[in-house]
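What follows is chain A paired twice: with chain B in the first complex and chain C in the second.
Right, the complex of A and B next:
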């Protein structure tokens, strides 16, 4: 399953993201989150990404984050979280990785 | 809104019945009592009366005119007929010798039959009355009244016929005609106008009666109808008054199918809305109250003032965002004498962030004594917090332990903002980035691998600035640009020489200038560790200075130092020389240095004896010598290490319980000035300050007045040139 996220990822939109991902997760699919269109990410947005990663890990589904926008990438790097999230430069890389 | 206290929740509503509205500008007094209220009933009734009267009267006037005309027509027609009749009848009689014999009884009967006739007579061609109901008139002349005037006939008149009239009579004449067509006389019939008038009067009376009946009916029904319609208004008014008193639960019960019913529904809806709005407001106020309490609790977790440890000042400050938030900072003494320093930022704001902060503060308090390694402490915090943090919630945190003696800071950072270090020696700025991930970001202890203790040393003129992203991420009013690290650097570079408070104030106010008016969008927290040691006149020695925490030094002296007990008299001070010799046995100490040192110590003790005790020999005080041990690792309670080299330095400590005196404001004596030489005394302080690299006087501590003097042989040697010969 592929979800492309765009716009602001903040306290208001974070719950929506969590909900959408939860649907994917309970259906048992793996997920690629394309964050290329995210123009701004607040701490609650980062929190949502972390929560989703954790939930998918517990459910033993795979999740990969693709094509991080500059906004997302800079915050992730600032918090040294780039090691802990599975990040691919492009969607296709994620697809290839999941198919493997 | 209205200002009457009795009607606080409701709006100002004018009573429907009063035609007078409240005068603009004057507060609504809200009470109907004492007002002259003009009932709608009377208004409507008066209107009904006026209308009815107007209608009936105008109808009456028109009807009367028509009647009058009709009657007039009828009268004329009748008269004409009568006159013609009379003329026909008289035709034969007038040809006889004695016409009156026929005409008189005829006319008499006519008059008797129609008493409304004014008169009826027949005259011959000479104008002599030949026929008359009154026999006495016979043979007389007919003299019509002079006021008679022709009347506009409504009937077609024949030849020689006429209609004349005045106020009293209407006269019709008709010619009496011979068989051959010649006029032989005139028949005259007159009708009293009064008769007409009487008929009209009677019609008018009828009309007045009708009017009267209608009026009464109208008034009565108007009154009754209005009473009926207005009864609901009373119910409404009572209901609205009830609402005004605060009863929003009882609806106005009105089963009415007119607009008043709709009004009652509207009033009930309004009451329900008011009730809802009221409870919302109460809820919001109580929530605001709770938030305020939370904010107070949160700010009580922060240190209330700066902390001084040795030469370091640790100070923090927070400008809270409008919404209660999640920034935290603290500094506190640790068991080993170091100062723990923490700055943290919770992801997300609001009460949730506030509660996480409280948790963190409590955990830190509980755990800080158990961990000497900051990385270890942060990992443990992550463990504990991970149990209770919501998924997706995390905390970035910086924690360090400062050894104020050595200026060493051991620290670790869990994804927190980089630390800014200002170096006084070259006005340079370094940024130390964090490698750790935030607390609670990834569950299962993954944070451990990312955390590591780092060490930096702060010296004179240096400052460390830690902060939360409310500072560097503060946006300008157009939300385009952040304050950023570069600007922070500039501010710190400019203000660091002036100390922690100056840095903090400058950062806060620069950010304020940057963002413009209004409360901060995010908590702005700054914590500064700044070297602001004793501002001695001399340059501090090249070695790290003895941390001047007097009680710590006293404790250390008691542990590893050598003591000389002294009495408060000058004679006893002669033993100092010998004592110094003993202290420095086995160490390299030049002779001149030795002399200088002894003299300096003598002077220092003499000061105590003279100024502190007024030479009271019953009192005593202590002189301690603590030799120079490994200066990078010093602290009370820690066993002294082997001296790294026999450098011969160390510090002296005097502890006395005498009167504290002021040793401040000493300025270097200019020995080249002959005046100074002439004085001959008062050089004691001079000597002390030349022999000792650092002098610090701490009067009034818990354990007495403590004088600390650092002895650095290399320093003393440089000053040797200026020794008094």
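Right, the complex of A and C next:
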């Protein structure tokens, strides 16, 4: 399953993101989260991404983050989250990795 | 003599090593981290004003802290009046819910008491002496890195747990200071929100009580007016005929007829006085339906907004979910909301603190017909299967007592079922032990 996120990822949109991801996880699908369209990410947004990643890990489903926008990438690098979140340069790379 | 020439100050400075590229990177990174901390605090102060729903607010708080410190695990417990010794798990992310609930039951209160002494965040690893070894193992299993008290104005309101930072870095002094700043804002917000929600709920109850008093007052006026008229007629007749009997000019042969009339009117008076004792029955006859056709969602959304503070104040979550493309329903707005209110009251009464109550509107197909279904679903302990068929009957007995009031102030399940049927609808209940109960109001479609 592929979800493309765009706009601001903050306190208002974070619960919506979790809700959408929960539907995918509950159905037992793996998920590619394309963050290429995210123009701003707040701490709440980062917290939501970490929560989603942990939920997929617990459910033994796989989640990959693709095409990070500059806004997302800078915060992820700053907090050294790239060791925890599985990040790919493009959607295709994520797809290939999930199919492997 | 030539005055000594002042040398340039820089000449006296020891030679400073030029900054290395790595040093510059480190400094820039430090600045970026500080900026991230400031932005996180600023976002938190804004986010705390977004919602008056405790559970929604808890999500925002935990997401902010997780993103601020880069941890994938967090949990929030709060003390409630209903369970002072066992803080209620409000939300957790990345920590198994059952484990977090067990921690709330086994040690959250003790940790809160311990933290109340200093109010500084405490590493989870140093708590074994406070909580005992078995609970310490539970904390380890939940992979909690530190605990912190949520406090305001000297009162400890709850407990926050954060997992380790996913980068592997420890919580340093700067992070602890930032966390304490966040906790200060969170504590005051939660306390203010609790007070505010309590105030709104008290206002709601006062308004309902006032409405009830007004309708009782109106009923009383109508009742007295009717009684006045009904009592007057036989009394007038009795007085008139007794007056005739006393009149010496009339013959004795008519006196027995007159006495018969006096007797009849006296019996009528007696019946009227007996009716006075059936006041509640009289009230029920006053119920009239004001049926309308339309979308139930705006009424339920307004009800949800009004009811939310009171339910939240009792540390239960109240969520409204509306299905798409709902058909119009036939209903009496006031009576429908009375039924929903009775169901919500029931859910709140029979579920423990921390429970989730969902008010859901959807389209349903049943008995070959399309209905608008209004579900009230809870995740409480559930109702034993053998009690379900008699659920409405058993409440009917309670409902039949002289203490029941009609409208607004809690009408009981039996009366809710009666109202649903008067509107051409149905009221049903399903339940599973350990999973919760769902009460469904089926409203006929237009």
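One rule holds for everything that comes next: the second predicted complex is superposed on the first by the 100 of 100 C-alpha atoms of A that agree within 3 Å, B and C clash if a C-alpha of one lies under 4 Å from a C-alpha of the other, contacts with A are read in each partner's own complex, and residues count from 1 in each chain.
Going forward, a contact is a pair of C-beta atoms (placed from the backbone, for glycine too) under 8 Å apart; a residue touches a chain by one contact, two chains touch by 3 or more.
Note that the structure is a prediction, hence the values are computed from the model and not measured.
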item: Fit or clash - chain C, chain B, common chain A; value: clash
item: Partner chain in contact with A:12 - chain B first, chain C second, else both or neither; value: second
item: Which superposed partner A:30 touches (first chain B, second chain C, both, neither); value: neither
item: Chain B versus chain C as contact partner of A:43, first or second or both or neither; value: both
item: Partner chain in contact with A:78 - chain B first, chain C second, else both or neither; value: both
item: Touching partner for A:55 - first (chain B), second (chain C), both, neither; value: both
item: Chain C clash site on chain B (candidates 3-11, 381-389, 579-587 or 597-605); value: 381-389
item: Touching both chain C and chain B, counted on chain A across the two superposed complexes; value: 11, 14, 42-44, 46-48, 50-51, 53-55, 78-81, 83-84
item: Chain A-touching residues of chain B, taken from the complex the two chains share; value: 347-349, 391-394, 396, 415, 434-438, 441-443, 446, 450
item: For the chain A and chain C complex, residues of the former touching the latter; value: 10-12, 14-15, 42-51, 53-55, 58, 75, 78-81, 83-84
item: Touching residues (chain side chain C, partner chain A) in the complex; value: 29, 32-33, 36, 39-40, 43-44, 46-47, 50, 56, 59-60, 62-68, 70-74, 93-94, 96, 165-169
item: Interfacial residue positions of chain A with respect to chain B in the complex; value: 11, 14, 18, 42-44, 46-48, 50-55, 78-81, 83-84
